[in-house]
């Protein structure tokens, strides 16, 4: 068996079910998305990651929409197709409009371009950026 | 001469000076930061990139602070030290507090972690993420 | 013809067949996997890369399983779907258990997260790491 | 203040000190390395990340040395200079010899090379890698 | 609606049609490729990006073939499957032979390998590379 | 000893000296650059990598200058500061002019930007790119 397999709710251990139940309650969804089913292959990792995500994505100094836009920007920069699909959906759910998505893409593209310019031209960091 | 050299205002062509002047006016700064001085090695690239940045970073559906947080998230994911230093400073100027920075870092770290989980577990994209 | 085409054993030159035969003998497999069929588009590259892989993956100070776990960690970090599929299979063959895979994923995720923390917080390298 | 600042033990809150004390006890070191001092800018992130690292790097199905080699492979692939310096030191401490380091580097280099070959030649995944 | 949708010529605004027409004229193609149809979701981004691509890919000190080889090298290093497919086709159209493609792949593989060696061995930059 | 150490010619084994001598002869340089001194920590890796580089960078269907531009494009995309410094110098030596460097940077920036657009907009590959 080479390809990792998902753990479905019906076959899950009580430990895994308890995490799945919490995900459904917090995210207000009828079933957990595939990511969690695969992570459940390692119940300790599943639990630790879910607890961390719950803390990290909760609204705080930044609201949920802004956090989802950042999550999506990282996923696009990493070229992770699952992350892109999942966090586009979560950003939409949190209120991302078409206009916001277009501007997000423009900023991501610009940053990826200028990061390479800065490295390629070996631009030294300005003193006042280090204060 | 192996290392690219910056173009200083005093030695710049009228074409380059005109871009530098616009950067100083739009960003309300006394001098342009090093990035632009190096890009000025190719005046056409300098002008095109500045015009694009001006359009991309102007407030729209997303405000300037959110755009800077996204820019910083990309720069950190790419490990670009100049981009990190520059856009930390620009994000601070746009209102990023310590609490926001901590939450930004937490989201970036989480996204970089879960992107690898999704790829490593080969998680298939959920149907409803593709609707 | 835009998409690269594989070279099948039946149509291969003697030079390419000789590499394919060696791969089958060393890896104890009935046929070579797709990677080698595509690389055979450039016979010199095929031969050079196979000789290098043979040397690099042979057990030495590190055993084959550990080398495959490292190979998989790199492939996941690069988001290379072929490399992930191929080296999950080779790691399984070399003895990777489910528990090992779970721990491997946890380390990969943690490293990708903390690499971004270190860059984003611009953490200076401790003196004793440079001794 | 643009550049993040470290939190030193002398100025740390009881919450942060308690994490620092645990790091020193678990890792058997006289002082915490810079990474933790910067992460302490966000005490909740510090605590969560340390607890996760403690769990992830503890010996299990994989021993500590193998985990450090994997951590280092990811850090090198990401080009993260702090991660490279820190986890070279931790791998040395866990028993990495010069011969192991040479073989580790060879595997990392090979994997980064063949990942690009697989993507560039658009190699389709073999059926048996998906079983 | 989670997945971005393409804008087809038949439904495009005059502004978008004008860009599509220019792409078809400059590239001498009967229809625009998918990339532009998706970018058209944000007409300002479409126009800006097309104008920039037209300028950047026009023959100058480097001819079109060399520019396409560079574009492909970046796309492969980023593991971007669309970019790889698109710029393999454009490089073919600009004259890339099988032999050139093989050598291109060999250089890309070597560069990705030695970049990791340089980072992993922490090789200091030679003085004469900085003159 | 955490930081890898270079092997200087004076202290090198006959096996390492022989590689160093070949590098100096082929590249027509008075001394080898730092990269090779560090790689010499693993003499088998040094020899294998040098032989491969000699084959890969020799003029063929692509000339040396084009190969160096590609090498530099990859190094910049990976953000590898040693690779950037080294291959800027080698490209200069092979004939890269200021105008070529400017156009190279523009293509690299554009490719890094549009790779993210293609991934973020999830653009499907056109049929004719797969023929």
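Note that the chains take the letters A, B, C, D, E and F in the order they are written out, and that residue 1 is the start of every chain.
Quick note on the criterion: a contact is a pair of C-beta atoms (placed from the backbone, for glycine too) under 8 Å apart; a residue touches a chain by one contact, two chains touch by 3 or more.
Worth saying up front: this structure is predicted, and the values here are computed from it rather than measured.
Contacts with chain B and chain E are shared by A, C, D, F.
A rotation of 120 degrees, rounded to the nearest 5, superposes the Cα atoms of chain A on chain E.
Across A-C and B-C, the chain pair carrying more C-beta contacts is B-C. Among the remaining chains, the Cα-based centre furthest from that of chain C is the centre of B. Chain centres here are Cα means. That of chain D falls 27 Å from that of chain F. Note: centroid distance chain A to chain B, computed from Cα atoms, is 21 Å. Each chain gets one centre point, the mean of its Cα atoms, and the points for chain A and chain F are 34 Å apart.
Residue positions of chain A touching 2 or more other chains, listed in rising order: 1-4, 41, 44, 49, 52, 55, 77-81, 85, 88-89, 102-103, 105-106, 108-110, 112-117, 119, 121-122, 128-130.
Taken in their complex, chain E has these residues touching chain D: 72, 76-77, 79, 81, 84-85, 105, 108-110, 112-117, 119-122.
Per the touch definition, chain C reaches chain F in the complex via residues 1-3, 44, 48, 52, 55, 128-131. Within the complex formed with chain E, the residues of chain C that make contact are 1-4, 41-42, 44-45, 49, 78-80. Of all residues in chain E, those touching chain F in their complex are 3-4, 33-35, 38-39, 41, 49, 52-53, 55-57, 60-62, 66-67, 69-71, 73-75, 77-78, 80-83, 85-89, 97, 99-100, 102-104, 106-108, 110-119, 121-126, 128-130. Put simply, chain A touches chain E in their complex at residues 79, 85, 88-89, 92, 98, 101-103, 105-106, 109.
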